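Letters are used for the chains, namely A, B, C and D, taken in the order the chains are written, and counting of residues starts over at 1 for each.
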Amino acid sequence: MQLGMIGLGRMGANMAQRLQQGGHRVVGFDPAPGARGRLVAAGMEAADSLEALVSALEPPRVAWIMVPAGAPVDATIAALQPLLAPGDTIIDGGNSFYRDSQRRAAALREHGIAYLDVGTSGGVWGLAEGYSLMVGGDAEVAGRLSPLFAALAPAADRGWGHVGPSGAGHFAKMIHNGIEYGMMQAYAEGFAILQKREDLVPDIAALAELWRHGSVVRSWLLDLTAQSLAGNPQLEGIAPYVPDSGEGRWTVAEAIELDVAAPVITQSLIERLRSREGNAYADRLLSAMRDAFGGHGVKPDHPPG
Amino acid sequence: MQLGMIGLGRMGANMAQRLQQGGHRVVGFDPAPGARGRLVAAGMEAADSLEALVSALEPPRVAWIMVPAGAPVDATIAALQPLLAPGDTIIDGGNSFYRDSQRRAAALREHGIAYLDVGTSGGVWGLAEGYSLMVGGDAEVAGRLSPLFAALAPAADRGWGHVGPSGAGHFAKMIHNGIEYGMMQAYAEGFAILQKREDLVPDIAALAELWRHGSVVRSWLLDLTAQSLAGNPQLEGIAPYVPDSGEGRWTVAEAIELDVAAPVITQSLIERLRSREGNAYADRLLSAMRDAFGGHGVKPDHPPG
Amino acid sequence: MQLGMIGLGRMGANMAQRLQQGGHRVVGFDPAPGARGRLVAAGMEAADSLEALVSALEPPRVAWIMVPAGAPVDATIAALQPLLAPGDTIIDGGNSFYRDSQRRAAALREHGIAYLDVGTSGGVWGLAEGYSLMVGGDAEVAGRLSPLFAALAPAADRGWGHVGPSGAGHFAKMIHNGIEYGMMQAYAEGFAILQKREDLVPDIAALAELWRHGSVVRSWLLDLTAQSLAGNPQLEGIAPYVPDSGEGRWTVAEAIELDVAAPVITQSLIERLRSREGNAYADRLLSAMRDAFGGHGVKPDHPPG
Amino acid sequence: MQLGMIGLGRMGANMAQRLQQGGHRVVGFDPAPGARGRLVAAGMEAADSLEALVSALEPPRVAWIMVPAGAPVDATIAALQPLLAPGDTIIDGGNSFYRDSQRRAAALREHGIAYLDVGTSGGVWGLAEGYSLMVGGDAEVAGRLSPLFAALAPAADRGWGHVGPSGAGHFAKMIHNGIEYGMMQAYAEGFAILQKREDLVPDIAALAELWRHGSVVRSWLLDLTAQSLAGNPQLEGIAPYVPDSGEGRWTVAEAIELDVAAPVITQSLIERLRSREGNAYADRLLSAMRDAFGGHGVKPDHPPG
């Protein structure tokens, strides 16, 4: 098959390459000339505008968007839609909020353009190992484009699927990331306890490696953790500062809206917020309160030099 | 009545004074001569040894211990017991673990000595406002000594009570402190959110003061919080470092042992641990993991100068 | 002063009465004739339409809305606005989302109508004890209407205040309720642990009463808890089912948006969700997982009868 | 090599079989004749007493204990020790508390008997896939017995290791299980949210299967979860009742003792407690409180029939 890949950042470029390796023709576009150049150097075609990209594809066209969630997706769709014709398909492979995907699908349907929301997992390893793809939208369209998904997935029959109507793909990816937050936090806490008992278990990296084989906690995240620890068991040079992106927050909000208790996923998000609080007001107030009722004193903020 | 007060730190000295104001005769002992001197200066008697203290009291004697929980209590009891006679009473008014109190009561019973465990709340304000006293042990002994409790409590008939057999007083105090942790954390979080929206609510201290009257969250802790905020709304000079003492930990352990879910009290304790983690390994590992699977990079620990 | 009270449910009716007792003239409106009748029986005036209500007031008019948050507030404002004139004021004393209040204030400003958002705490006890009032909006308008707030508050100079611009009143009330959730949960957990050790502390209600005097955890919520426990220490006839309303959810969402860790307020909300989960899927999946890796078996859902 | 396996429950019997398949001679003992019979039927030797088992082994002997943690381990060691000679080794492959293992190792050292604590993971799948083994104790002894570990592990050079001195093996296994709790809870919450949106993602089992390939959350626990869901996506017949065993509780207690914040592992344990609370007192008290201050009413425990 052939498709246009819009957005040639790391994710988009890697996916383009895996599609090409799978025998598909990829025409790419990115506003950055360097990104386009890299695509051409890798043996693919690059268009220097959306118009050129659309012209380079035979109908019915497939435009796969890999741009940051939010306004960039809306802007890309707004620019693409007038260039496309009924029967064409836009795929959003980014981390969009599922309700945005539902809205966009409905709007494009008015123009006869199909819209698939494809939750994509696999990170920087996807190029080599394949991506997990959760496809939302019209089942018939998803079926027609299955060769693309099969090329991106770890195997033609594994790791991808049509999971439901519009929004379902990004909904599934959102929950996936919520689970990911919880798993990461569980490992992080466990290794943090271990690290305090290096008198007892001196080689944490070796233990992580050991657990990769036969243990109940073996996982791909553990594989990566073991690698990270092997190179830097004390995690030197890494600040205790953990960003979060939309999916974790959306999962928490969705759980509350659905009246589902999700304490561990929620707490995992909160721990990330906590990691970024420089001089936490709450803790300082607790210290002030203890002093106020118990005369316990407070730890001064700037110890005398 | 008359009693010996052993341990003339802030709590012991204040309680001695309130007992004296209530018309009781107090003989105090503390290894620190300065503490003894302050007691005498306040119009009470001081003994310079436990022997002297016991000799100064008429049987049946009452020895009230206000020393740190743990080994100091055991050491004080070990020194006192041979000096006392059947019919005498030892009261532990500190923050002992309730099972220690049960063990001590059983051991002293062998010698005919009564033992009351008296959970004591009120902090530095107890001298002026009275203490809340939760009395555990023999009901008859507690009843006989009720004039002492009545003098220490906010009023003769309020704020104290015999709550159960040996251990019950310290058990009740332990739970009291667990609740205290949760309440403090709830306020601290609320004010921390407010502090981020000073554009909207510029005077947090005034809001705390407002809530003291008529709101659902009015409490004594809020009274103190409002005072603290009035003097220092930005909590300047106070490090975000919150100690914890045994009762919170014991409450958490007890809840688990009893199969009772106590997530908020538990999390309040964990937040205190968190406040003291200098360079949290867990957060650094999360950051390393994110980089490992997503190529997100990490924030360097020591930004280039 | 004089004002129109729109919405004569329990909160509105009680507030009308307290305003009347404070010497103000209250004209009330409610679509339910019964509610209007009760107002008249209590010596106030009732209007049978918004038009009648507006006509009965001398300009500049004050219309105080006590209707459910959300659409009812918008509907009431939409009906009121054409009846009012520049210089008039609408007050929303309900539990509206603060951003809705900001939006409404801006829209009414176009018509020369002032809008105050007044977070109101005190529940069913407000009539007798006074309400805590957090006033958001124009400071000059708030100052002009201060006799109304002074009458509603516990005292003329306490328990109410202008806390900031439009939205600030409801923002403050939202945080207030978040704190309330955390405090309630802390007490609930503490008493739940106690209840498992009735062998040790047999009279929980007496302990709650005791803590009201001199303890660190004394509060108005504890006063009410002690009353509830005194009448029904085993809480018989009460299902373990805890509703929540918007403010708790908004506080959680706001904390996340502001990057403030609020684990205890958040967990308190989650516990309420949890209380309402009939047959929790998560727990059943955990049980299935344990069986899958450890062969632990599962507890059957419907034990053989 | 040869060894005695004491305790022929599922874990012990499976491990015996895997050791036999690895070329080792296994003599087994269990007080239950049936368990011994199954061992013989599987081609191994069974002894009908500890004496007989010890006699059947050539020195230096290895006795591997697979009995429930706690008193049964102490009882087994007490019975074994007089039968063994200096140079012999006892291995505890169960889920003992690591400090018990440290105590036992020290006591046996007095008799010249080596003691290894071997944290063992792998559950019912270990026979087929191999066990993850964390070995604590003397490194020389661990090295000497490495053929046994190599046979039990997934591969000779993977999935097992000497992780530290006495106690380290069970400490590592304790942390392993703590992480396991957190991971399980993260998955359970994610799927519980999904299950509420079956309108959007109708086939949860298919999604679980999809995630096994290429996603960030792929893991062995997910493999098992996908299997469980494939057979019973609604988890019918499974009560929402989740037991816990010692390791989770010990991990929580250890984290607190080490001043490490482990909120997600802790909350995962609390969720299990929560799953077993029949008629939660805390929730009923929350409901009573809401009624007390807000007049919200309560949900009756037994709705009128």
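In the analysis below, a residue touches a chain if its C-beta (ideal position, glycine included) is under 8 Å from a C-beta of that chain, and two chains touch if they have at least 3 such contacts.
By chain, with names taken from UniProt: A, B, C, D = Decarboxylating 6-phosphogluconate dehydrogenase.
Source: prediction; values computed, not measured.
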Remotest chain, chain A as reference, centres from CA atoms: B
Between B-C and A-C, the pair joined by more C-beta contacts: B-C
Whole-Å separation of chain centres (CA-atom averages), chain A against chain B: 48
Separation of mean Cα positions, chain C and chain A [Å, integer]: 39
Distance between the centres, which are taken as Cα means, of chain C and chain B, whole angstrom: 33
Junction residues of chain D, two or more chains touched: 123, 185, 187, 189, 192, 216, 220-221, 255, 259-263, 267, 270-271, 274, 280, 282, 293
Sites on chain D touched by chain B in the complex: 216, 249, 252-253, 255-256, 259-263, 266-267, 269-271, 273-274, 276-277, 280, 282, 293
Chain D contact footprint on chain A (complex, rising order): 98, 121-123, 126, 129-134, 153-155, 158-161, 163-165, 167-168, 171-172, 175-183, 185-187, 189-190, 192-194, 196-197, 200-203, 206-207, 209-222, 251, 254-255, 258-265, 267-268, 270-271
Residue ranges of chain D touching chain C (in the complex, touch as defined): 10, 123-125, 184-185, 187-189, 191-192, 195, 220-221, 224-225, 227-229, 232, 235-243, 263, 267, 271-272, 274-275, 279-296, 298-302
